[in-house]
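One structure coming up, written as structure tokens, with questions to follow.
So that you can tell them apart, the chains are marked A, B and C in the order they are listed, and the count of residues begins at 1 in each.
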Amino acid sequence: MRELYTMRFTALRLIRAWVVLLLLFVVPFVLVTLLSIIMGDAEEGGLLLRNEINVMMVLAFQLFGGSVAMNYIHQDFFTERRYRIQSLPMNTTLYGFTTMLIGTLYSIILGALLAGYTVLVWNVDWGNIAWSIFIIALMATLSSIVCLIFTFSVKKFNIAERLSEVYGVGAILIAGLIFPMPDHAVINWVNEYINPIMLAYEAIDAYRNANVGDAWMNAGLLGGLIVITFVIMLLLGRRRMP
Amino acid sequence: MTIFTFALKRIFKDKTNLIFLTLFPVAAIFLPEPEYWPLLPYGYHYFGVLILFVGIRLTGLLVEDRQKGVVKRLAAAPVTHFQYLFQNLLAFSVIVIAQCIFMIAGGVIYDHELHEPLLLLILFIVFSFTAIALSLAWNSLYRNKETSFLVFMCVIIIMALLGGIMMPIEMLPDVLEQLAVIFPTYWLAEGMEWVVMGEDTADFLLINGVLLLYTLLFLIIGSIRRMG
Amino acid sequence: MTIAAMQGIVKRYGNELALDYVDLSIHEGEIIGLLGPNGAGKTTLIHTLLGMIPFDKGSIQLFGRTEKVFSHENKQKMGLVTQELTVFEDLTAKENLEFFAGVYGLKGEERKKRVEEALAFVGLSSNAGKTPAKFSGGMKRRLNIACALTHHPKFLIMDEPTVGIDPQSRNHILETVEKLREQGTTILYTTHYMEEVQTIASRVVIVDQGQIITEGTVNELIANIQHEEKINIDVSTPGDVPVERLKGLEGVKNVHVDGSTVQIISTVGSGNLDRVLSLVKETSGVVGIQAEKPDLEDVFLTLTGKQLRDGEEE
């Protein structure tokens, strides 16, 4: 499988992209550390604030994990490099998928490392860590797909990049993490059924509170979003990919 | 004033700049007023963060000039480096001043409780100068506009957190609270608190004085590097 | 044996005709110099030949196949050197080559050997561990070429491989092409520098506005347009040049005196250089002599009425 062979090189390129590491790992690492220090053992309604904020923080950065897949797909298929890639005797669509897979895996690994750090150093309660990593994986996958939809649907790549930021910042904003959102039916509905960060948080929180049914429901909603966006991505990709 | 005019032209040609300069401030005006904290409406409280983003975007023009060798070409033209910097910075200043006036006027018309709109305007303008100077200095460290922007974004987040914009400074542990004074955002937060609470006039002067001092310091750092 | 053939290829971009009924055959062992000004359609022609962009009319044949022309099997036998630098900036030179070698199916020791060989071939062995970001323009160009060589393609397509580099690097690249020819590689080489084509091409194809306007060896093309010979003679006393006597010689069409230079234009094959020279020597004292030969630039000028470099961006 020549396409699988390329994965090693995509990974190498990724490891060397220090800005990505800075944005997706170092910044959340610093924030988690600072917030843990600041929060100390403060409680609200009998719940440790540290638990809530740290989980949210790690999940929030997963919203931006798709930028990796997006950038690499753009470079390999939408710049002059596409002609070289197209001239190679391999299945370019499959190559695209392996690139996306590596980008998503990288985001999951960084998320898992951050989660592990919060558990070991700050004693954050994630409920079931394996379940949490599964949820992180769902978020990373969704982010990659959404970012690729943006890449395929606009002509100018920097607009796609801005849209991906709107996706991430928008989700955080609507979740009320920067300031409280008004109690409006539409916003509540979005947070309950669509906003990935809220779905992911609820899935983890429900599992933490031994509410497995709710946990699966939220994970199922995330999965549903992945399926729907994946189909859209495929349709758009077939049209735009060389 | 050719450089000045063209700086304005180039800034307004960029669509993302237009969003930063028009859509975001308008949205900020309409954000709600909080119950306990922060003291100002959300849009005004977080306006400093927007100013920092605007600052790095505007001064990004100079990194681009360095990247493309325009600075070298200008060095050969009968224009001093001081003129080049001065006219660019003047263009940036005109833009941010206009944005601050727009923001405050919008708030007054929308009937937000801004306590002392004029003093808040002065504070925002002074902070905008600090933001431009800071991003000028920051950009002088980089060869690539995108990298500079991305790393600065991280710095903005940290500055907002530790400077008392994201949460009240009193919530920080003692060490961090003492450390916070090194961030311009701390002085902005202090200034906003002063505008609401309104105590000693000398304090307000001190706050703006510190911000201006920072501006001067960053301007010096930022203007040392010429060609790269 | 025919390696590649295009028959009646038409490619439109909206209303614009990018390729206008193009017929082209490339035979084993040839170096085809595809010459044309910027925007003539050279890159479109190449991309069409490789199946990267769809075409509106016509047919393409590669390695004797007319069906599944752009199969992996055929791609395996070809190599493309793109006009732009399309190497991975974040991988070292060696890793770049390993990537492409692996994608072309080379494995283990063989891959290692071919990568080393390609590095040596383009003179980058001592820089194998560096990323292209640290390379000069010429070195990047050479790496760009090497990436298409590890799998020893039978048919190599080089799209303006020397754009924007210094003369030394250009010579290095031209030598590389010569070496590849000696190894039996068939090469399609596009450029808008006629000197390059004159040096390396066994056959020249001239393109303009999406059409092939002529093809043949350099000598054939020149012979086709050559209807006259020009002789320039520098003299010490121009006032004494026997213009009328020169004009009276058989085959001489015209005589100009420009400063201290006398230009004599005569019909092809008139063979009167000797007679002209002895006449001028008698009266005006010959200082220097040049017989001007037309080149591909003149061929292009004659056929299209414009210069090859028209519209050149650099």
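Going forward, contacts are C-beta pairs under 8 Å (C-beta built on N, C-alpha and C of every residue); 3 or more make two chains touch, one makes a residue touch a chain.
Just so it is clear, the model here is predicted, and its values are computed rather than measured.
Common neighbours of subunit A and subunit C, by the contact definition above: there are none. Using CA-based centroids throughout, the chain positioned farthest away from subunit C is B.
Taking the mean of each chain's C-alpha atoms, the chain whose centre lies closest to the overall C-alpha mean is A.
For this pair, subunit A with subunit C, the centres built from the Cα atoms lie 50 Å apart. Each chain gets a centre from the mean of its Cα atoms; for subunit A and subunit B, those two points are 30 Å apart. Distance from the subunit B centre to the subunit C centre is 55 Å, each centre being the mean of its Cα atoms. Residues of subunit A that touch subunit C in their complex: 2, 5-6, 9, 12-13, 16-17, 80-81, 83-84, 86-90, 242.
Residues 47, 50, 52, 72-73, 75-76, 78-80, 82-86, 88, 90-91, 95, 98-100, 102-105, 147 of subunit C touch subunit A in their complex.
Considering their complex, residues 19, 22-23, 26-27, 30-31, 34-35, 37-38, 40, 158-159, 162, 178-180, 182 of subunit A touch subunit B.
Within the complex, the subunit B residues that touch subunit A are 15-16, 19, 31-32, 34, 42, 46, 147, 150-151, 153-154, 157-158, 161-162, 167, 171-173, 176.
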